[in-house]
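In the part that follows, the structures are each spelled out as structure tokens.
Same chain, two partners: subunit A is paired with subunit B first, then with subunit C.
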Partner chain A sequence: MTAFLAALGLIMAGGVASLLAGRWRSRAAVGGIVAGSLCGLVAAVRVLIGGPTPAMRLPWRVPYGSFSLAIDPVSALFLLALFVLAPLAAVYGGRYLEEEHGGEPLGGVWFFTSLLIAGIALVFTARNAVLFLVAWEVMSVAAYFLVTFEHRRDEVREAGWTYLVATHLGTAFLIAMFLLMGRAGGSLEFDEMQLGHASPAVAGLLFVLAVVGFGTKAGLVPFHVWLPEAHPAAPSHISALMSGVMIKTGIYGLLRVLLLLPSPPAWWGWLLVAMGVVSGVGGVLFALAQHDLKRLLAYHSVENIGIITLGLGVGLLGVHAGLPLVALAGFAGALLHVLNHALFKGLLFLGAGAVAHATGTRDLDQLGGLGKRMPWTGGTFLIGAAAISGLPPLNGFVSEFLIYTGAFAAALTGRGALLVAAVAAAAGLALIGGLALACFTKAFGAVFLGEPRSPRAGRAGEVAAALRLPMAALAAACAAIGLAAPWVLAGMARTLAQVAQAFGLPSPDAQIETLRGALAWVSLGALALLAAVALAVLARRLLLRGRTVTAAPTWGCGYSAPSPRMQYTASSFAQPLVDLFQPVLRTEATATLPSGAFPGHASFASATPDPAERRLYRPLFAGVAALFGRLRWVQQGRIQLYLLYLVATLLILLLWKVR
Partner chain B sequence: MDSAPILRYVLAFALAPLLGGVIAKTKAFAAGRNGAPLLQGYFDLAKLLRKGTVYSTTTSWIFRAGPVVTVGAVAVALALVPMGGARAPLAFPGDFLLLAYLLAVARFFTIVAALDTGSAFEGMGASREAQFSALAEPGLVLCFLALARNAGDLSLSASLGALSPAVWRSHAAVLALVAAALFIVFLAENARIPVDDPTTHLELTMIHEVMVLDHGGPDLALVEAASWLKMWVLGALVVGVVAPVRTGIPALDGGVFLAAMLVLGVAVGVVESAMARLRLLRVPQLLVASGVLAALATALISG
Partner chain C sequence: MFEINTLLVGLLLVNFVLLGASRLGTSVRQVAAQGALLSLLTLAEHAGWGAPWRVWLLALGSGVVKAVVFPYFLRRALREADVRREMEPYVGFTASVLVGVAALAASLWLASRLPLPGPVEAPLLVPVSLFTLLVGLFLLVSRRKALTQVVGYLVLENGVFCFGLALPEDAPLSVEVGILLDIFAAVFIMGIMIYHISREFDHIDTDRMSSLRDEAT
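Presenting the complex of A and B:
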């Protein structure tokens, strides 16, 4: 526990120091976050490799509150994701903020960054509902100030506002959930709650409240509307932290509540599988329709949260059906995807930030040809793009393989609804994978390949080493998990054992051994792929030795004066799929068509607003506003009237009490 | 150790170009022509391997990575496919997922290499490839699901190994549905009619051919080799379902498998002679149909 408390202390000390440190503001904060994260890593890894589970409880004067913390293996796994990504994002941010916003006061943004990291760490370790909610709010509000860092821009303030409303609506559900848990379980301490015998109605209500409350933070469809607004608005290293780790607090919360609740009925699993497929497919479809690189990545977070939820759903179905392999594979895939997504989404957001920093734009149709100008950023972005598309030999494939294995194992023997859920999960994952590949070939191609589509992109150069190194580290981690998959699963054994025990499954050693065997083959296949590619490279080199290798313009089918404007753009690349899914996406296009014999101006623009926002939340909030508008007559703006309200209220209360 | 899997793997490498020759010969016969020689694929390879190459000035290392990664991924994928009753050299629970995703790796790098040239034609082909393969993916995975459920085993070698003429007699509907779905995926993924026309002469209407326009020399040879191997991989799956002959004599089983592969080539040639390609807007319906067929097959198997 000392290491973890030292981590919190160092991170917050860095944040406070940065408020006072003047020119050293960024260095102070980065130093605090890096040192703190190293301590935190020690604490988390020690638990994962089998050390004792540290816990502490101090009294707190808040009613029902206590300062109780513990790092069990589930917490440790989430902490690992946080403490790996946080220092890399901080190192990146230190340089990025000073270069982009050097003249502005940065103490505040660093203070809130430290507060965000510490808040997330507390959420992952709090063992008391009140403490959990306090940490939750600290995290959420700190993130609000980071989202609105560039508050001079209208759309950033708008995004911040959307985020603030969404997160507090989610929190309202969580408060209701914890109150109900406290009532039903007899305590607000997680370790003392007795929910094992809660009635199905109460347990079901708690589950739904958790899905809505935590799902809002995680960004599950249809609670995701804040996510594509808020994540692009923040500075890129903050987007990386938010997408990589902060939204995982929603997954953590959901899992933590599931561990406390009684044995899950089948409909919980179906609900999570259904929400996972809808979020996954919906997220990737909307990502395909985006033109803004960071907005595209934000929608992919919705997709990946969908994949994680799908894994949890498969796990729950396995628990319900008494199929330990299905349950273990589902949970293992979901948990590993939490870590994997932190790595590759962090990497991709940092890459997007480097692109925006070098060119001044995030519009895919303005970019192009950056692979030659920014080889490091391009190479690491390619690894991130392949990893998020679930391609071997990288980490995304490993976690998706585990979830697939769960779904397939369920389909081997399942009947009826279980079989339907398994088929939906497998087909959903396959479709998500195919669409993600389309989306990331589009993003990578539009940004890094071909010729620059604007002068800004043509002038871009590689970013500083402090920006490149974190990206390289994350890319290396993506490859390492892919190539060392069986050992990674072994590292998760304690976490899985805890989950299995909480769900009343037998000791998962046998299942872990089965999955490790399969993953060993997966890693072997990944190695074989690398070897085969190396062999092909060698063969080509030998063949081309001494022969003429010339450079010429791209074949233009006879046309001799091609220009960069003739390239396929990101929008045109995605157009067939966007058209195909038009009933879901409802992309709006405005065009001025060329006309006459000598056409002059012509233009085309398309936008894909979120239908959940348009059709669900806008009417809802408009309705609420109209309802409250009915009460406007009580507001007359005269102080005498308000005094009268006070007196009347007091009188009524007095009469009620005296009665 | 049994040497049959390795032998078959090597033979597949050697015979893959023949399949294209069989298709072309069938089409020529149907059209009343003599057509190119059966071994044209080998002649093409030999010619390309002797040449130098030209790289576009627009391209970067991604363009050069395209052919080598594609052929590497497909070569490993081939090692996962059981042929003629023998186990695949690589067989483990969940191996078909690695197979499906290795084909995705090949596709990813073909697409980014095409986009690297900055050519609108190649972008167009890449866009169509991305669209159609995304829609074909669920079909392929659900076919694997149906086969795994039928065999009660999570490895491809066991799933296909569990099939036999007896299973065809008892589960004809299931296997026919799976075979139909796999055949659609086979045609779509290998850029055959009715999805793509490999002999078209207009860049605007191509899908696969147009993506590799700028490759030349040994690079083009690798690209061609990769597409033949890919056809062999998916063809072996179709044949594995349609002709699960088990005599117990490895050589005989292998011979039946080879004959069936050649029949498959003839079948593709017949399809290509008998019908035109679909309008691009119709192709998604065909691909979704393959997913639906496979899902139906899964539902028909009692667990």
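Presenting the complex of A and C:
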């Protein structure tokens, strides 16, 4: 616990120092975050490899509150994701912010970055509902100030408002949930809650409140609308932190509540599987239709949260059906995907930031040909793209493989409803994977392959080492998890044991052994794939030795004067799929078609607004606004009237009291 | 001079005068008188001439501030703004006095029901302080001129102060001094504000300042 408290102290000390440090602002904050994260890693890893669970409880003067923290194996796994990504994002951000916004005051943004990291760490470790909510709000509000960093731009302020409203609506559900939990469980300390015998109605209500409240933070469809707005607005390393770790606090909260609630009925699993499939497919489809690189990545966060939720749903179905292997595989896949998503989504956002930094734009149709100009960024982005698409030999494949295993195991034992859910989960996951692959082929191809579509993309050069190193480290981590999958699962054994125990399953050692056996084949296959690729490269070298190799412009196709405009654009590449899903996407296109033998001006533009925002929230909020508009007569603008309201309220309360 | 009940009745009468006064000058004079009465009441409540030095300090301090300094500010603001009468209050003067009678009855009833931490020496103290409070609130709600608003605010505070006297040891003198300081700053600022508002808009009618509210969009 000392190491963890030291981590919090160092991170916050760096943040405060950054406010005062003048020219040393970035170095102070980065130093604090890196040193603190190392301490935090020590604390988390010690628990994961079998150390005792550190815990502390200090009294707090807030009613029902206590400063009680504990790092159990579930917390430790989430902390691991945080403390791996945070220092890398901070190192990247130190250079990125100084280069991009060097003349502006940056103390504030660093302070809130430190506060965000410390807040997330507290959320992962708090064992008291009041403390949890306080940490939750600290984290959410810090993130608001980071989203609105470039507050001079209108769309950034707009995104900030959307985020703030969404997060507070989510918190409102959480407050209701914790109040109800405290009432039903007799305590607001997580360790002392007695919810095991809560009635099905109460437990179901708690579960639904948790899904809405935590789902809003996690970005589950249809609560995701803030996500594609807020992530692109923030600086890239902040997007990486928010998408990589902050939205995982929603998953963590959901899991923590599930561990406290009584044994799950089948419909909880069904609900999570359904929401997971909808979020996953919806997220990736909307990603496919985007033109903005960071917006595209933000929609992929929705997709990956969907995959994680799907895994949790499969796990719950397994628990309900009494199939330990299904449950274990589902939970293991979901938890590993939390870690994996932090790694590859962090990597992709950092890569998108590097591209935006080098070219000044995030519009896919302004980019192109950056692979030759920015080989490091291009190479690491490719690794991240392959990982997020769930391709071997990388980490995304491992976690999705575990979820598939769970779904298949459930399908094979096949009993009615469970069979349907399992097949839906597996088919949904397959559809998500395929569409994600298409989407990242589009994104990577448009940005890094072909010829530059704008002069600025043509002039771009590789970014500084401080930006490249974090990306390289994350790419290496993605590959390492893919190649060492059986050992990674062994490292999660304690976390899985805790989950299994909470759900009343037998000790999971046997199932972990089974899954490790399967993963050994995955890793062997990955190694074989790498060997085959190495052989192919070697063969190419040998065959080309002594021959002249000429390079021609991409898409040259024998024309004497090829132009970058002859390439596929990102939109045209995605068009067949976008057209296929037009009923869902409702892409709006405006085109001036060329006409005549010598066509003159022609143009084409398309946009895909979010239907949840358009059709659900906008009418809803308009209705609420209209309702409150009826109360406008209360606002007369006369001070006497306002005083009268106050006086009347006070007098009525007084009379009611002394009655 | 330190007869508590006499002082309380004086306070009560001053409240009625305030309710019926249309001249702003009268209001300011009455509120000054109320301040002076309260300062005497403080001493009377704490054994007259033999009161401890802290009580003397409080009594003298509040007396000077409420009976001398505030009226000076207000009269100055009055002179600068060049207004003499409260025109067209939301509730007429006669009606105001009637409301005052009702408020007095309500205060007497309330005082009989209000659970107090200890016994009160003077039976009239609590009702009169509640009545002063209600009159202050009523003046705030029913008058238009910014200056009468300040007067209402002062009366309200006098009520709070008076109520504090009814609770012998529960309201420490330091709290009273703190409140006094707050009021001082508030009246000081309001005096300046009234002056500036009248210079900017040629009037100090608060009901004509409603155009700053949030309009329907």
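FYI, the second predicted complex is superposed on the first by the 641 of 659 C-alpha atoms of A that agree within 3 Å, B and C clash if a C-alpha of one lies under 4 Å from a C-alpha of the other, contacts with A are read in each partner's own complex, and residues count from 1 in each chain.
In this section, contacts are C-beta pairs under 8 Å (C-beta built on N, C-alpha and C of every residue); 3 or more make two chains touch, one makes a residue touch a chain.
These numbers were taken from a predicted model, which means no experiment stands behind them.
> Subunit A superposed: clash or fit between subunit B and subunit C?
They fit: once the shared chain is superposed, the two partners occupy separate space.
> For A:Val647, is the partner it touches subunit B (first), subunit C (second), both, or none of the two (neither)?
The second partner, subunit C, only.
> Tell me which touches more residues of subunit A here: subunit C or subunit B.
Counting contacted residues of subunit A, the larger count belongs to B.
> By the touch definition at the top of the document, which applies to A:Arg23: first (subunit B), second (subunit C), both, or neither?
neither
> Which angle, in steps of 10°, is spanned at subunit A by subunit B and subunit C when each chain is reduced to its C-alpha centre?
Once the two structures are overlaid, it is 160 degrees.
> Taking the superposition as given, does A:Pro564 touch the first partner, subunit B, the second, subunit C, both, or neither?
It touches subunit B, and subunit C stays clear.
> First (subunit B), second (subunit C), both or neither: which does A:Gly637 touch?
Touch partner of A:Gly637: subunit C, not subunit B.
> Is A:Gly390 in contact with subunit B, with subunit C, with both, or with neither (first, second, both, neither)?
first
> With both complexes overlaid on chain A, what's the closest CA-to-CA approach of subunit B to subunit C, in Å?
47
> Once bound in the complex, which stretches of subunit B touch subunit A?
Its residues touching subunit A are 49, 51-62, 67-69, 71-73, 75-76, 79-80, 90, 92-95, 97-98, 100-102, 104-105, 107-108, 111-112, 115-124, 126-128, 130-131, 133-138, 140-142, 144-145, 148-149, 152-154, 203, 213-214, 217-219, 222, 280, 284, 291, 295, 298-299, 302-303.
> Quick check: in the complex, which residue numbers of subunit A touch subunit B?
368-369, 371-372, 378, 382, 386, 389-392, 397, 401, 404-405, 408-409, 411-415, 419, 422-423, 426-427, 429-431, 433-435, 437-438, 440-442, 444-446, 448-451, 514, 517-518, 521-522, 524-525, 528-530, 532-537, 539-540, 543-544, 547-557, 562, 564, 566-568, 572-577, 580
> Help me check something: in the complex, which residues belonging to subunit A touch subunit C?
629, 632, 635-641, 643-644, 647, 654-655, 658-659
> In the complex, go through subunit C and note every residue touching subunit A.
Listed in rising order, the residues of subunit C that touch subunit A are 90, 110, 113-115, 137, 140-144, 149, 206-207, 209-214, 216.
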